[in-house]
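The structure is given below, and queries will be raised subsequently.
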């Protein structure tokens, strides 16, 4: 059936064209960043005539990029680990242990799903001030620790673990914590990865809160920091792009390396009922 | 010694009563099978023995210890689930070693015990595989291996074979039988498949709606069922039942006429007295029905419907004069569909039940 | 008239050849069953008939029309999938009406046809239910109903019962047989369960590794298998095979001695000449083996292992002198495990195969 | 005995829930309470204020910028939620047909924007859309005949912020849709093919209804997410031109952090809060109805 | 050792020079360590100052625009210096440009120390101007005075066909346009705020129409970003460019690297509408006020020491284009020879500072109003008369 083959080939080409267009801005940013500043505005070429890494030199050595990396990594990793840990325990208890008030608690968490944490910035700011955490890692981290969705997703996945597994583990002599950490968590490793990735990306990309709670550029996360290098002077498109690319680099590289697994993990979350 | 003893065990879920006072005694080393239709409470009973379900009333003892309120992990029972319940993230070895490593036993001991179990179950080559890489039968064996490793006093099986296809089921059935001969532990096996029950059990417990119908050895139940339910349940294909009437009741015997064979009254010896005019159910097994016209006993005119062919044997489905369905085993000839034939039934091979299904002959 | 005719049909996935030149003719109105072990290409063949898989070589005709390169929807075939493939978001009615509404048929006609199919399948009460609200058997019936509604020339079934439990399978098996009698269309049915094949088929096609082994009526395959593979595959429990040697070859006959019964040479009539000293496989069905010492034919000393009990019948598993496993049907006595007994085999009931598995007697 | 068992279970549960609960109470529940409380005072950003009743709300309801912000937030949601869902589904339908490394490659191309920090995204797009040197101006010129300073044009600004947002967030939706599409068994399509359904009929009768749960999920997530718009607007247009992209959270930021009106800022936050809750409840109901 | 937290909003050439100054200070003062943070210029900077002071996390010293003092002082965000404090650091009023010093003084209290005076200038491309016959023999442009002449000159440049735009303006942002608008307003001798009247008379409309005309006639690009406005000039696509003196380093650097491709110059904004006048503002140093955590005396002492030192060394700051506020520096020979500063230094005489009002100042209401009304009007999105009316109304309501 040759008609089918041609149709498929056309479709493939179309998809490819759309995909390349989609990713073009990123390509364009990269190309811009390695052009000399004057070429950037003088010639619109799709490929640089000369490779010029001075913009990167500037971004790496004349901004506080490395400090911001550190801040971002420390806060994002902490947020991710703590969120996963406290949520998984809470979700497990909600899903597998019968205790008074469990329906109520779950209802509250479900409702919190709809609460826009961004609306809480004022009172959270006040709270951080009272706790003397403004402009500290702790201040950046704390308000990001409650992600009700994580609990909800975990609970749904735990609910769907066959109860025989739990019973088998019980017969094998496991306590609740052992069942959670030796059975339920590894069993749901996929969704844990997905949730960790999502949480991590959320924390890494968070802008409003870190922007509000940090003052000195030594405490800023990278997402906030790079908006501070927006020089109000001169022409520095290449520098802007270099800074942007460097800011995106760690997560992007990690993503590209583990692309398959990230994709698979994230796809798991499509099974979530809203 | 008594392996498991249930005394007046009851269970209700909320106000919904599921098990109504069950008394069963299973000897140590015995292979007991609980059978019964779906929903009759087999799994519930088994899970109560395991300690996975709380007991609402009565007493459960294992090897003469009262375990009614003991935690599941402390009862010394192991259970094999229908779904295998293998830990999918662990290798076969780790699955089998799980309970021992939870108990923090020394590495060497774990190694040795798993090895021994794997040998029994011929799983040696698969120890590093993940459950997902195994076939259904192998998974089932791992599930059993996990139980063996713990050296429990009692093995519990909840329909362990119902996820397997027919061929594998036959094979695994034999393996379980072999295992029982080999390790000799007390085993309780739940199934709703009476063939499994017949082939495996030392003792069959037939349950219906949470009540024990009859307990006994397989052939005992087959040959001497106390209730119509048991008679119909045990044997494959099932027993044929024909309605009849008592036309004359005597001491220890009754005259009976079948609705499908009017005018051919016959004499039955009865254990319990029956009233004249009472409805009666006569049960005959497919293999006890002759196809030939001649021969002693009753002659039943029927219409052949179709034959289920198994090669050596065939099961002929027929309709009687009153449109009741019957199944007849035939070895030689195969009547054509729509053909009118006569069946011959011999009185000594008939079982008689009263209208409530109680055995009377 | 020929319902379906395959001429030298071939199929490869890339460079991997799956079907190697299959020729089959199925008459109109016939019920053909493809059996064979997993992976032998049954589904592939069926899907080629349906047009869901392209044909790499050969010709497929349906009712004498060449459909090899016709689109699936234009072939006039309907298929019932193993997974049922019921549209979960549509009601039973909508599922059955799907093909008609795709074809934009008038409402009244759709209503009528679905109604008729639902009546045949006794689904009338469930028309408004969603598939998820139905039991396995009911779902299967809806899947069949969806096929019936289209009034296809050919029905294709791909292991339609393998998702059902054993009991339901037997029931649905009969329903499919009934359906075939009722609508009389050509049907092709794929299964790897030989009992299903035996009970349903007018004609069985035994496949192995993409090659047709034998085609014939069920009892023909049972009684007169042309290959050892077919002999072993058809019949439950399977045929017993014993190794032997030709110790004297004559014209149209051979003298054979079994490894397990040395000194008891016997004469076999052969169709093809055999060489002296050649290895030979003798097949005997479990029901053709006697338990008594006496009787004509060979006497085989064996050790009883255990009996699978079915009530009327029991299957005794024994080990021969050379440790080969055998299964024997026993009706009356049940030897004890470890008991030494003798089996009697009658020469006319033996089938002989050469070392390559070809039938020689 | 039954009771000790129950008590033990409850105890375990409490131990497991405690960390979450403590965090929840301090950084979530308390701030929610505080937000409401503050909205009735004239407190500065930090420090105590006087109880002023509904003054803050009354002030808001007399402020033009407030209505503008509400309107713009809604406009943004409309511009992002539905396109994001449809584009995600459309792309997924294309990508899901591909196989092997080709599919991986194309997925990467579509997904990579999602992992970029918002400030990087806005940086890149500002450059791509730059009025003088932006490469996208070639396309804009082709359509409008002239260059457009998109983030400074009241008509273009919001749609462009939406475009950037769709570009940024679509990858995740795409993944969800692909997963959803993969979960539809191939059998259904084969059965439909035998029934003579065309590609379009397959989509309309099988794919669309079966992908609906994922669509509903995406819609819900999107709605809640996009109502909280701040970052992109702040970084791309700062609310301009003439406040045509001013959104509610920006008003919160402005009142509380720029003008030091904690109370008034909280009142805006409360309103945003209420809007999100009401809208998501409504949508939830709506989607549920559709599902049946 | 005293640690000083320093915040500024200086980037680009300014930033480089300020960082160098700080480094030099730190190197020469082992007892004081300045930890500098650079935040984004404008609204973000002043918002951060606001919130950080509210929570007691304010810096010890920060840069502050003089134009914002009227806005800032009443809100109590700045900490005044006592005379003794100033005296002990050797900071004397008479050493500073008078106009600037006055701006920082309210009720006889000094709230900040000026650092420079900066303004806008006209950058030009000598090559193109020469071609258009607009370059005198002295290398300075000629024939630009008076609006008619100026517009005619723009026409001539356009006619050469060498450039896309004769005059590059940063047309998409209120801050930049405020500077041009205010300059044109002042050249008419008009005031932005007169008593409690805002934009009395027609001067505002005239100024705005002048600017709008440049855009609508295609002399100036529509709605372009800051960077693009410079890039147009540096890439030779625009012949002239109005921008702050702070862009001088950009040009100098490019010229030095040979990347500019033409000769450039900068002059005072020509007198277009009657009188010579140019908008000006000052950078100053100030200390944020905090009730919860006031600055300690030791730190204050160090801070004042820093301020004094910075001013004394402001000659290097002048190389960023600015005119130092510290007279001994501007009086020096070194400064008098510095180019192009020397060319436009005379603008200081006619400089007009922002109105003294709490509406004024960087990131203040006037800037916002300019963004919302002037920018659209000059880009043809709003009628100039309406724009001025609306601006008036808006600011009046905030007064």
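Should a chain be cited, it is by its letter among A, B, C, D and E, assigned in written order, with residues numbered from 1 in that chain.
Heads up, the rule we're going with is that a contact is a pair of C-beta atoms (placed from the backbone, for glycine too) under 8 Å apart; a residue touches a chain by one contact, two chains touch by 3 or more.
Note that the coordinates shown come from a computational prediction; the quantities given were computed from them, not determined experimentally.
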Farthest chain (mean CA position) relative to chain C: E
Leading chain pair when contacts are tallied as C-beta pairs: A-D
Distance from chain E to chain C - Cα centre to Cα centre, in angstrom: 93
Inter-centroid spacing, chain D versus chain C (mean Cα positions, whole Å): 57
Whole-Å separation of chain centres (CA-atom averages), chain A against chain E: 40
Multi-partner residues of chain E (at least 2 other chains): 51, 55, 227-228, 231-232
Shared-contact residues (touching 2 or more other chains) in chain D: 45-46, 130, 132-133, 257
Contact footprint of chain D on chain E as seen in their complex: 43, 46-47, 50-51, 54-55, 75, 172, 221-225, 227-228, 231-232, 371-372, 375-376, 379, 381
Chain D-facing residues of chain C, complex: 50-52, 72-74, 77-79, 81, 83, 85, 87-90, 98-99, 102-103, 146, 150
Chain D residues within the chain A interface of the complex: 9-10, 12-14, 16-17, 19-21, 23-24, 26-28, 30-35, 38, 45-46, 91, 94-95, 97-98, 102, 104-120, 123-125, 127-128, 130, 132-133, 135, 167, 172, 175-180, 182-183, 213-214, 216-217, 220-221, 224, 227-228, 230-231, 234-235, 249, 252-253, 256-257, 262, 265-266, 269-270, 272-273, 276-277, 280-281, 284, 287
Of all residues in chain D, those that touch chain E in their complex: 44-47, 126, 130-133, 147-149, 152-154, 238, 240-243, 257-258, 260
Chain C-touching residues of chain B, taken from the complex the two chains share: 162, 165-167, 169-170, 173-174, 177-178, 181, 192-193, 195, 198-199, 218-219, 222, 234-236, 285-288, 306, 308-313, 329
